[in-house]
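See the structures that follow.
Next, two complexes with subunit A in common: one pairs it with subunit B, the other with subunit C.
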Partner chain A sequence: MSVAAVPAASVDLQRSPRALSRRRAIRWFRWSILGPLIVLLAVVLMPVLLLQLYFSFHQWSVYLGSWSEAEYVGLDLFGEVLTDPRFGWAVVRSLAFATGSTIGCFLVGFALAFLMYKPFRGQALYYTIFILPMLTVPVVVAYTAEMLLYQSGPINDLISRITGIEFKPMWLTDPNIALMTVMLLEIWNWAPFSFIILLAGLAAIPKEPIEAAEILGASRWRIFWEVQLPLLRPVIFLALVLRFLEAMAEFPKTWALLQGGPGTATETLPVYIFLTTWQYFEISKGAVMSYIVMVMMIVIVLFAIRLLRREKRSLDAMYGQAAREAAA
Partner chain B sequence: MTSKSRRRRIAAILRYAALTAWAVVAFFPIFWMISTSFKPDTQWFAWPPFYFPHPPTLSNYLNVWFGAEEYAATQYAISSQKPLISLMNSTIIAGTSTLLSVLFGSVLAYGVSRYRILSETRMFQLLMLRMIPPIVIVAPLSLYYSALGLLDSMTGLILIYFLTTLPYAVWMTKSFIDEVPREIEHAAEILGASRWRTIFEIVLPLIRSGLVATFLFILILTWSEYLLALIITKTQVTTLPIELSKYQGTTEGRVYGRQAALSVGITIPLIIVGLIIRRHLARGFSFGMVRR
Partner chain C sequence: MSKSNISRRGFIEGGVGLTIANVIPGTTPLALAASMEERTVTAAKAAGAADVSGMIWSPYFVPMQPVIAEFKKQTGIGVGGVQDISIFDAPQRAMAEALSRSPQFDFIHIDSNMIPSLASAGYLEPLDQYMKQADFKIEAVADYANFMTYKGQTYGIPTDGNVHIQYVRKDLIEDPDNKKKFADKHGKELKFPEVWEDDLKIQQTLMDPSKDLYGSGNLRNRANGPTWWYMIFYSAGGFTFDDDMNPTLDTPAGQYAVDIYLQDKKGAHPESAGWGTAQMIPRISQGHVVSCQYWDGTARLNENPAKSKLRGKWLYGLVPGSDFSGKRIHRSISSPLAALLINKYSPRKAQAAYLALWLGSGKNSIPIVSDPVNTFNDAWAKEHMTAPQVIDAYTAPAIKAIETNFQVVSPPTYLTGYLEFQDTLGKNLSEAYVGQLPAKDVLKKTQDEWNAVVRRIGRSKLKDELASYKAVMPKRNLPA
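Presenting the complex of A and B:
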């Protein structure tokens, strides 16, 4: 393990006492950095995960006095949660919310980035305005949305005035559209994220292949599909994956704005877990749901990491090759 | 040729139209928040809506931030608010945890960049700390914290913010350290400087602006964090987002002007910070996927 840590340059000096002491020094250096990290994870994170595991198998609620008295119930709670239709719907809602807002953020972000990646007058101003929503604290987004979206509020008023049609959807109180409202807020809030990395990605695409394709007479459409898009693939993956994961965890806007309501219309996984734990005080049930969600998310994250790593590898290979060619 | 230049002009106009349309969408809610924060209480949810305060008043700010009683003579007065204390709490908590995160993160990043003390797999696994939704650990975390006496304390919040932002700090500072030529360090090593001295006296000063960017980037995350603060803080220590969320219980009263005044105060620091580091934002998000 520590052998890999030695830079390749010192391999030929391996036997000399100086190299040995250097290796020892590097090992010391390595553990003096990693040590605190491991201790921290062991002290803060491990007990939390163990407690979570404990509560998943022991029925406990706050009315029961000390939590160490909780009764062992085996897998009962898992059965209860997995057959709970409300939990199932929360999963569906979360996935729908995350998918919808990810696609929305991507489309908006990509359109803006594509319109902006070449320099033009006013570029800096537009960039500044476009990143503002991301700098707005999520809770503030929720409260501002409340001011904007009540039925006779400014948004409906503005749209009615512009289109001349009476436009009066109940954004926040109609159970059929409440989740979509939160999704739109998420898109407003986080499209800048997709925009920023896609813009950086588009601007970083080397000009030579595009110029070469132009000389060969390719149409702009073909250049876009066959040159720019493939070169942009790693960044696109990143935009989609990170946004999806963050959207799965979205809590502040949904909670501060609607607390899962009207009815259960916006009850996503984080909201349902929060309600179960902090309003119904079913700590154990909340723990089981957390565990299920955690396992689910770890699977998704591992899959995402595989994707990202593969993209990064191909990028490394490509740029490594380019660097070697430049050196030769 | 002329038809081509005309087509180009139309394309430019369409581009400006599309960009301006989204600029309006992006800016309108922020405009509304600022506008409402200056409105007297009769205009908070009047119909038809007032787009500009008429006449503008500072009463919302005076009431919310300084608890000025004479402006709070209505039912909307909320005397339990203490936003200035929250402002201080937020500053200390976000500032300290971010500083720790950047400091430790950059040393770790140096180790990864120069000695591969974490493999690429481990680096991605580190990201998991950030990618698993925090909701899955808040309940046991709060029990654990209450056992340790860390509930409702700054230390508790700082600790958990430090851990959850560390992955970003490592990834971001690593991208800056990777760009520092190694020759300088080799020279320092030959001259007999220890690794720690090399880090703190040579490498970190060289990436100063990168460190500032990382610091501000993570500050955005810790400043606006909501869920963990909601659970871990109770009465002694509240951060600004939690202070704002206290208005949730009072939606019957609809104290929009007050909420807006508080919201503006919470948002302005972040907008300033964001504009300072706007050029570096892409790097914070891109995890080595964007090459230049």
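Presenting the complex of A and C:
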């Protein structure tokens, strides 16, 4: 651990009554914001988490007695869940689904944002059109897709007519592509979310570095690749992380469309947890699964926060270097 | 029989005693001279006026509304509000209600196969006392009323028979060219299928995918597939558990059922693995199917000229049976069987119970089961089988088919844990159907999973319930 030397003048300044009062005011402000949140968490979230924790260590069958009389089983249920191949496959499917749909949302969202970030006539109309899918309720997306995606349905028919080739994939009943179908629907549904974040990010990039690059004769590609993209990296990262977490929890479309089938092709984590808790009424096992998923998500979030901080530091360093070079 | 000597004094004392007992409220049924509906009204009036609330799917609820309105007029008991929840989603919601011991719903309209699970969770009010009070009987075809009982008590009033009947395209099966084609190929006459093997042959021979005509209209999706498997399994002489609650699926009868179940794929639409009723009912009623077993309500749709172009072009009858066990056995199935169940925690349970009885009388349910548009409530009562209104909606052959199938109707696993048993079997069958699991492993895997369910719920508890399950099974191999 290193201790930084603090100049005497700075110490005096910190001890001045005005500075102390200011620090106190900041502290109060901070607590006035955080306080209600902490109370809300304690009152609403904590009892649920504690009850789930109780169920995680107690085997309770809904058919036998009250939950308070449930048998203590220690870590048995954790062992059961972690060795359950069905749970393992559900994790794999969820990760694949979340990764694929996050990348898809990002690519579509980024392309749209890049087209839209410079003002042009009619921009508001396009903006509205592009965010419309996000405003559609996922269950509606699922039922509409069900009608469109029959083998002999309008989508296949349209593609066949356009390409002149008979196009007949079974989007919803072929176990090899069913998960991908839900993934495509997820991308359609949520790409606007990435679009909004990335558009805000692109609009917030300072003009000076781009203008400087233009003056230096850089091509548009080079400006994009070496100036805009690096400056956008924290925003890209945020968009990816938020979308990934959302996608890991996707349930309404998968359930409404396929209920985990055909076979177990779309049995993702939320579907399996739902089935375990509300179809098999294994409340305790469902609670354990929820805890394991929560820990997984916390790890992912912490990792993401760490990466975000690193991104910010590298960006700050880049700005600092640019400022020094400009000053020199 | 022995003769007993009763003195005149004793006779008079006994008579006085019985007379007094007869006027004490709540000790005797109401006067039997009145009809069952009138007795229900009288008993309901004593419970007091109220607006009850419930969980019911609107296609079931809409045709009940005029009947409920009449009850409201006569008793002051009506329906204040309902939550419109699909019958397929209702079990989960009902279990959540049971867990929280919620008084929110006075009645729930749900698959009666959930009775053991919900009664075990302490949610259901037994209806026997209300039935006794109104001298009410469930006058169902054959032994169908048994489906409402669990451990000797009645917990439900049926509103929908939902029995599977056999559908075969009459125009195709009677076509001389098809008859010749079938005889040439199989060396036997083309006629209404009596065994599963013949049904498969008919499907595969008469199908013509180039005309969008597929052999089978049976469901093979994860949620509904087991319903079909049970019919084949029971008809092969199989039963799900031995007396010690060890699953007995992985048996020759079970494997035979899996084999027949999977062979359906040869005649089915390529997308059948994911299709449920929403996709299959239009396929059947529009004539894109040669032969299938399906819920009886689809006959009403087939014969409704406003909805179907194939009125009169269908044959209806007994579902195929099997000779696998050495004797011919036919087993139809009713699942989900929609029934009205009453919440034990409801402050208006008496009113809700009497409303259920009112809706479940043979006479009152005639307009409900013959509604031409909302065809979800299907005929189940003896009175339905002869009511012109019902026969007009279904046609006489379809009603005959319903009556016949009711005589050999069976449930899926009628035990606490019904959903668990059903979903694990459905998952494994579905995996085999789409090629994710070898057919030989389906039942072994299901047995392992069922053993875990039995352990979790409690072997001794389930052993106690086994008698109720067996009581619901049909007693005859063939319809009379």
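General remarks:
As a working rule, the second predicted complex is superposed on the first by the 264 of 328 C-alpha atoms of A that agree within 3 Å, B and C clash if a C-alpha of one lies under 4 Å from a C-alpha of the other, contacts with A are read in each partner's own complex, and residues count from 1 in each chain.
The criterion applied here is as follows: a contact is a pair of C-beta atoms (placed from the backbone, for glycine too) under 8 Å apart; a residue touches a chain by one contact, two chains touch by 3 or more.
The shown structure was predicted, so the numbers you read here are calculated from the model rather than taken from an experiment.
Applying the stated contact rule after C-alpha superposition, one finds that A:V288 touches neither subunit B nor subunit C. Of the two partner chains placed by the overlay, only subunit C lies in contact with A:T264; subunit B stays clear of it. Contacts of A:Y280 after superposition: subunit C is touched, whereas subunit B is not reached.
By the touch criterion defined above, A:P175 reaches subunit C but does not reach subunit B. Of the two partner chains placed by the overlay, neither subunit B nor subunit C lies in contact with A:M183. Applying the stated contact rule after C-alpha superposition, one finds that A:L77 touches neither subunit B nor subunit C.
Within the superposed three-chain model, A:Y150 lies in touch with subunit B and with subunit C [touch as defined at top]. Once chain A of one complex is fitted onto chain A of the other, the partner contacts of A:A247 are absent, as it touches neither subunit B nor subunit C. The larger set of touched subunit A residues comes from B, when the choice is between subunit B and subunit C.
With the contact threshold set out at the top, residues 146, 150, 152, 259, 278, 283 of subunit A are in contact with subunit B in one structure and with subunit C in the other.
Per the touch definition, subunit A reaches subunit C in the complex via residues 59, 61-64, 146, 150-152, 170, 172-175, 178, 258-265, 275, 278-283. Against subunit A, the residues of subunit C that register as touching in their complex are 92, 95-96, 98-99, 117, 120-121, 212, 221-223, 270-275, 278-279, 416-417, 419-420, 423-424, 427, 430-431, 433-437, 453, 456-458, 461. Contact residues on subunit B toward subunit A in their complex (touch as defined above): 12, 15-16, 18-19, 22-23, 25-27, 29-30, 32-33, 36, 44-45, 47-49, 51, 104, 107-108, 111, 114-121, 124-125, 127-128, 131-141, 143-144, 159-160, 163, 166, 195, 220, 223-224, 226-227, 231, 240-241, 244-245, 247-248, 251, 256, 259-260, 263, 266-267, 270-271, 273-275, 278, 281-283, 285-292. Interface residues of subunit A, counted against subunit B in their complex, comprise 4-5, 7, 25-26, 29-30, 33-34, 36-37, 40-41, 44-45, 47-49, 51-52, 55, 67, 108, 111-112, 115-116, 120, 122, 126-141, 143-148, 150, 152-154, 157, 188, 192-193, 196-197, 199-201, 204, 234-235, 237-238, 242, 245, 248-249, 251-252, 255-256, 259, 269-270, 273-274, 277-278, 283, 286-287, 290-291, 293-294, 297-298, 301, 304-305, 308-309, 311-312, 315, 319.
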